[in-house]
Amino acid sequence: MSSQKAAKMEGIRLLLLEKIDPVSMKGKNEFVVAMDSVGAGLDEIVFYVSGSGARMAETTKGLPTDATVTAIVDVIEQNGSIAYQKK
Amino acid sequence: MSSQKAAKMEGIRLLLLEKIDPVSMKGKNEFVVAMDSVGAGLDEIVFYVSGSGARMAETTKGLPTDATVTAIVDVIEQNGSIAYQKK
Amino acid sequence: MSSQKAAKMEGIRLLLLEKIDPVSMKGKNEFVVAMDSVGAGLDEIVFYVSGSGARMAETTKGLPTDATVTAIVDVIEQNGSIAYQKK
Amino acid sequence: MSSQKAAKMEGIRLLLLEKIDPVSMKGKNEFVVAMDSVGAGLDEIVFYVSGSGARMAETTKGLPTDATVTAIVDVIEQNGSIAYQKK
Amino acid sequence: MSSQKAAKMEGIRLLLLEKIDPVSMKGKNEFVVAMDSVGAGLDEIVFYVSGSGARMAETTKGLPTDATVTAIVDVIEQNGSIAYQKK
C-alpha cells in the first residue's frame, strides 16, 4: 500500500511474487513486484509478463508498470507428465 | 494451463523453455515461459524473441507477452562446422 | 547533479536507489538510478518501474528515462502479516 | 537455419555472437543470437543493439527481433590508446 | 570506429562505459557500449539510459540504440553528504 504515488497508480494492487524453479517448484528467493490483472491470491502459481508487454492486458493499458500478472496457473506439464496441478 | 487469465490470453499456448549452452548444447537449468507461434514440440531447439519483439510475430500482435518462440532450429553452425542438426 | 546534459534532463531529480531483499528488508548493495515522480526522500522504501513503463507517469512522458519512482511504500504484507510499515 | 518459423523470419540471417570482455578482448562464454544487418562474418568483432532498438535498423523494421548486429567494429580505443584494430 | 555499419549509425560516437559501484566509486569491470549525446570524455562519471529510453534524447530519436549517455555527473549525494564531486 502507498499513500504517495503517481496519479495513475490509484486503485492498483501490487503483488510481491517469488520466482520458482520450474523443476523443483520451490521458491528461488528472488522477488518481483507486479500489478495484478486476474485477482491472484496467496500461494498460487501465476504467470507474469515483464517489460512493455506488462501494459498489454486490458486493465494495465497506459499504466506505469513493468510487470503484470496475466494468468493463474492450473497445470504445468513437463516432458509429457504433470509437474504441478493447482489444488 | 490456466482457467483464470487476462482476456487476451485465451487460446494461447505457453511453453516452458530451458536455455541451452550453444557450445555443449546442454540445458543450463535456466527457464523461460514463452508464447508459441510455430507449433514447437518436446525436445526441439527453438529460437525465441524477448521483450517488445515478442509481439512482432503475426500471431502475437497486441498480446501481453514478453517472450515468443518464432522458429524451430534445424541447423546451428559454429566456426564453419555444424554443431547441431535437427533429427 | 549535472551541468552537461541532454535538453530533456533539465529540472529532473535523479535518485540513487538501493534494492532491498523483501524478506529481510535489508539493502542488497545493488543500486539503480531512477527519476523521481513522487518526491521520495531518504530512507523511504519506494516502488519504481523500469523500462518503457518508466515513461508512463504523468511527469516522465517522453523523457529519456529507464527507471522512475512511482510510489512511496506505506505497508508491505507478506503471507498475511505486515512485513513493513512506514514510520 | 530453420524450416518452421514465423512468416516474418523468412530470409533472415541469425548470428550466434559470443560476448567479449573489452579489456582482455577474450570471449566470455556468454552468447546471444542476433539478426544480421551488415553482413558480419566469422571472427569479427561486432556491435549489436538489443531490445526494441534492434528493430530500428533499416532492414529489421517490424521484424520479431530483440538483438541486431548494426556495425562491424574497426577500432576500439581505451584510455586514449588502441585496444583493438580489425585486420 | 566502424566502416561497415547500418545506415543510421553514420556519424555516431559510441562510448565504452565501465559501470561503477556507487558506494566505493570504483569500476566494477562490467562494461556497456552507449551512444554519446552530451560530449562525454575520459574519466568522467556519466548517467546513461538503457532500453527504449535511450532513443528519447533529442539526438538519438529513431536510431538503433539501446544505451545513451544523457548527462555528465557533477555531484553524487549519499545519505546527505557528497560522495562524488567532479573536478
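By written order: A, B, C, D and E. Residues from 1 in each chain.
Just so it is clear, a contact is a pair of C-beta atoms (placed from the backbone, for glycine too) under 8 Å apart; a residue touches a chain by one contact, two chains touch by 3 or more.
Quick caveat: nothing in here was measured; it's all calculated off a predicted structure.
Any chain bridging chain B and chain D, meaning touching each of them, is missing here; the list is empty.
Note on connectivity: the fewest steps through touching chains from chain C to chain D is 2. Residue numbering at the chain A/chain B interface overlaps only partly, since under half of the positions present are found in both copies. The rotation relating chain B to chain C, fitted on Cα atoms, comes to 145°, given as a multiple of 5.
Averaged Cα coordinates give chain D a centre that lies 20 Å from the centre of chain E.
Chain B and chain E have CA centres that are 32 Å apart. Each of the following residues of chain B touches two or more other chains: 50-52, 54. If the chains shown are joined wherever they touch, the resulting network closes on itself as one ring, and no chain has more or fewer than two partners. The chains touch one another to form a ring, and the order obtained by going from chain B toward chain D and onward is B, D, E, C, A.
Residues 21-23, 37-40, 47, 49-54, 56-59, 68, 70-80 of chain A are the ones that touch chain B when the two sit in their complex.
Residues 1-9, 14, 16, 29, 31, 33, 42, 50-52, 54-55, 62-66 of chain C are the ones that touch chain E when the two sit in their complex.
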